[in-house]
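Once you scroll down, you'll see the structures, which are given as structure tokens.
What follows is a pair of complexes built around chain A, which joins chain B in one and chain C in the other.
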Partner chain A sequence: MVVVQRKALTLAERLYLPEVLRGLSLTFRKFFEKPITRQYPEQPLPTDEVTRGQPRLVVKEDGNIACVSCGMCEIACPAYAITIDGGETDRGIEREPKKFEIDMLRCILCGFCEEACPKDAIFMSNELELADYTRAGLVYDLEKLKRPKSALQKRIDYVYRLNDRWRSKQ
Partner chain B sequence: MGAFLEDLPLWVQWVAKVAIIFGGLVGTAALMSLAERKVSAWMQFRHGPNRVGPFGLLQPLADGIKFIFKEELIPAGANKFLFRLAPALAAIPSMMTIAVIPIGTIKVGEKEIPFSIAQLDLGIMYMLALGGLSVYGAILGGWASNSKYSLLGGLRASAQMISYELTLILSILVIVALSGSLDLNAIVTAQRENGLWNVFTPFGALAFVLFTIASFAETNRHPFDFAECEPELVGGFHTEYSAMRFALFFLGEYCAMTVMACLNTTLFFGGPSVPLWPEAPWFLGILAFLLKAGFFLFLFIWVRWTLPRFRFDQLMRLGWKVALPIALANLLVVGAWVAFTTPKSS
Partner chain C sequence: MTKIQINGREVEADPKQPLIRACHDQGVDVPMYCYHPGLASVGSCRICQVEVAGAPGQPSRVVAACRTPVSKGMVVSTDTPKAHDARRECLEFLLKNHPLDCPICDKAGECDLQDYSFNEGQGEGRSSEPRRKLQKRKSLGDVIVLDEERCILCSRCVRFFTDVTKKAQLTVEGLGSRSVINTYMDKPLEGNYQGNLADICPVGALTSKKFRFQARVWNLSKTLSTCGECSRGCSISVESLRAKEVKRIRPRYNAAVNQWWMCDTGRHALAPLTRPQAPEGAVLGGRLRGAAVRGYNGLELADDVAALDLAADMLAAHPGAVVIVSPFATQEEAKAALALAQALKATPQFVSPAPNALKDDLLHTGDPCPNRRGLVEQGFAALEPAAALAALAAAPSAVLAGERVLELLGHEGLAKLPTKLRLVAFDVETSDIPALDIAFPVPTHVEKSGHWVNLDGCVGVLNVAVPPPALVRRLDLQLAALTAKLSAVPARS
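This part shows the complex of A and B:
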């Protein structure tokens, strides 16, 4: 059992007013210190490759989307946020998505889609902001999800590094 | 210019004074709502409101517009008439008390115009009588809301006001005894003639401390804000209020604070007298008054963001067992001292 001994107060402390003055002087000194609040829209949070923001689709250097609409990410997604409708293409890979939607209101930014994708076609970007006037506006379609590979390069390299480490342990 | 102003009829003078002083009071109250948030923010390493206008200076305006357009709710079972009346009862008396505060004198040409709405012989009585009325707003608001938190808040407000009103009046009486008048102008003049502000006299200093403590309790400010007491009573007597009526309660509170700050300045800090320079021009006097009152307004906020709230029994103990006896003893000693030192006139 813990017995907390009550500290006997000195006379000055019991008189209360000296302690009040001490408190006032403390708050007055703090008054002049620099605020530590981040002014959000002007000073956004710093992000780097570890930031797991919203998932985005990679557009390769030749202008084609890397996704082959295999549906792995759709199945991996624990929040059922991804909806894919596959179609055919004349390119060598033969398939590409006709419809690829991620419901950003459902997405929990877990990164499972990134892990599941066999074609390195979907990655977690550093985009964090999410706002719209309607729910429908937050269901992102292909056009809204496409990002050039260069924009996601840092994250791609990071994921490769992670996977390399995992492979070397085997 | 001077001659033109001198020839103006008296009522123009009055209307102008009422407009300036009353507008100044409400403006100060509005600015206080901003200052409260700004100062609290700076003391906690934050920025405070800074989005509306430069440094957030237009924030009170934005708040006002928001309050006006918000939907107003009246709880079922509330006494509608009293519910609507209470905010006005809380706000109006505290605004009216500013009328007798002598802010200084304006010199136009040769004429001296006293810069206060009314120069009453019984200025202090007027202030105390009206100041005592403002508790009705809190009690009626609490009772009419038909809510237990509001009722408790209102009850606490009344208990607290009655307890501290005594200390407040007794410490004012010390000054009345020292300067021999109930007229605030005469109190200012007496301090100027003595060349010594009341706060620098031994009795005055004690009375000042008691008065300041009691004025915090009278205006329901921390550390005595039992009428509101957010953690226990949601919002106290104004729990059920919304929109503009809610804002009126706060307007009343800030007006009361402003008046208390002015009264403190007048009673203990020589009102509009400039320290060490008795012949200072009139506008410096007014500036000095505003600066002194401004300091006390800052003190209200400063203390609020420093001290934790008392417990209710501690509040009562402090009021009845500590502050009141000291105030009484102080008054007795001052009375005896004045009686023995003043030469008998008759």
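This part shows the complex of A and C:
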């Protein structure tokens, strides 16, 4: 059996008030320091290129979507969040998505779609906020997913850098 | 049969067959592009090269397994470094001009070139020359589109027309590296068997216009089934996307019925299978959503149990019913209809529309009744639509049962039937028929399981490829329920 010997209190501790003042002194000191909490959403979270936010589709400089609806992201998605229906287009690439839906409630932001894409058409953006009044509203369609390439450029450069590093190790 | 050795195993092989067939029969995988068991072998692709031991004291040789006959005591190895090297070198040349199109290619996922490149090929090309630039979207008629860049010139498509349909339409045009597949005089392809080209093409060069970019093949769930377009009953695979819509129908090998082929009529018969439902609450304008009973405002949706009670009462009150089933009725449905006909003291009959002009000497029989033989064997009498309509006009009451029975009888003729006829119909969809009193929905033949007997007596199986819509019950169960109700209803004097 373990017998815990209670520590005998000093006089200052037994007087109670000095210890209270010592504790409060910490509290008062913090009043004059820079706050470490953030006033979200007025002050949004800092993001940079390593942030894996929601996936977005690249619209190239010529205004066409880069996606050819090959279905690689759909099959790579571990959460079954992506649904694609392809169709024919008059462009040289022949094929483009007619329906491209990502169920953002299912998406786990793993970035597999970005990794699987053979056409550099889907990238993880820095957009993280997700709120709506209905579930259906959080199934994002083609129009909600399209982003100009310039908006995703930082992430695209980062992914290219990563891939180059992987290649050089081979 | 001759004894040969494949990969160190003593096996029996047929000397009349090429070596590749002996390997495949033994479960030894030998890749192939130009060889197809249904076509003459030409040995143009050289991907099937295997190593065959030479005579004693001689070095072994690498031979094309599709052009080498089986001979006594042959020692064959498919897995040696020499054989692998030969195949890898061959593959490198085949891929020299093949575009990296897999993300947009319809064949991706079921492409032989993709599979063998993954197994045997190298990751990167060594050629610094640009790939050939050719036509990407060349239409070859109404069914097939040709991508000349993807073609590896195996000439399976050329031989399909010379060997199977016996009417040559395609040829290899040009010489050497300028060879392309083309039709004679740039004429569009014709005939009812063009769709097979998309199946036999080992790469994505020939693709089907109807299926083009409709779905990725790995997302399709494949269900074994039987084609209902004629009495041949070709074995097919019904391929549906997300358990909702049938996207493609392809032939399935069946030595006794259709071998590897099927006609385009059956292949493209998707419209009756992907018919939309009627608008919410409506009876007409699409597939029946549930039982419908004639009220003051025409046919109205009703509870199916109440409708069945009503149908039993009506048929009991108007004895002398005529029972006519659809030629699409399965053996199981026919059995249930037979019991119903006995309960109603009626002669079992089925609609037998006139033969159509699609008859050819390969597969299509021209007879639009997939289960004619099965129905005749069960004791059903064939009835021309005109004779059926005459019998209906004279009858006090009638039961029409089975998929597309109303369509085959003719909606115009049905609309002219006297309204004193008490008519109960079980069909996928109905039109505005004044004589129709009660209608029940039935599943289509890709939404139910069952059996059809083709003209030669071969039994074809039907399986559920897509689930039927809610409230649509199996026809045989509905007919059995009606028969049970009829036996419970006391006969009126």
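Heads up, the rule we're going with is that the second predicted complex is superposed on the first by the 155 of 170 C-alpha atoms of A that agree within 3 Å, B and C clash if a C-alpha of one lies under 4 Å from a C-alpha of the other, contacts with A are read in each partner's own complex, and residues count from 1 in each chain.
Here is the rule we use: contacts are C-beta pairs under 8 Å (C-beta built on N, C-alpha and C of every residue); 3 or more make two chains touch, one makes a residue touch a chain.
What you see is a predicted model; the values in this text were computed from it and never measured.
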*Looking at the overlay, what does A:K119 touch: chain B (first), chain C (second), both, or neither?*
second
_For A:T134, using the defined touch cut-off, is the partner it touches chain B, chain C, both, or neither? Pick first, second, both or neither._
neither
*Please indicate which partner A:L17 is in contact with in the superposed arrangement: first for chain B, second for chain C, both, or neither.*
first
*Is A:Q5 contacted by the first partner chain B, the second partner chain C, both or neither?*
neither
_Once chain A of both complexes is superposed, is A:Q43 in touch with chain B (first), chain C (second), both, or neither?_
neither
*Tell me which partner A:P35 touches in the superposition: chain B (first), chain C (second), both or neither.*
first
*Name the contact category of A:T27: first (chain B only), second (chain C only), both, or neither.*
first
_Sites on chain B touched by chain A in the complex_ = 39, 41-47, 209, 302-303, 305-307
*Flag every residue of chain A that touches chain B in the complex, lowest number first.*
17, 20, 23-24, 26-28, 30-37, 39
_chain A to chain C touching residues, read off their complex_ = 68-72, 74-75, 85-88, 92-95, 118-119
*In the complex formed with chain A, which residues of chain C make contact?*
102-104, 108, 136-137, 212-216, 218-219
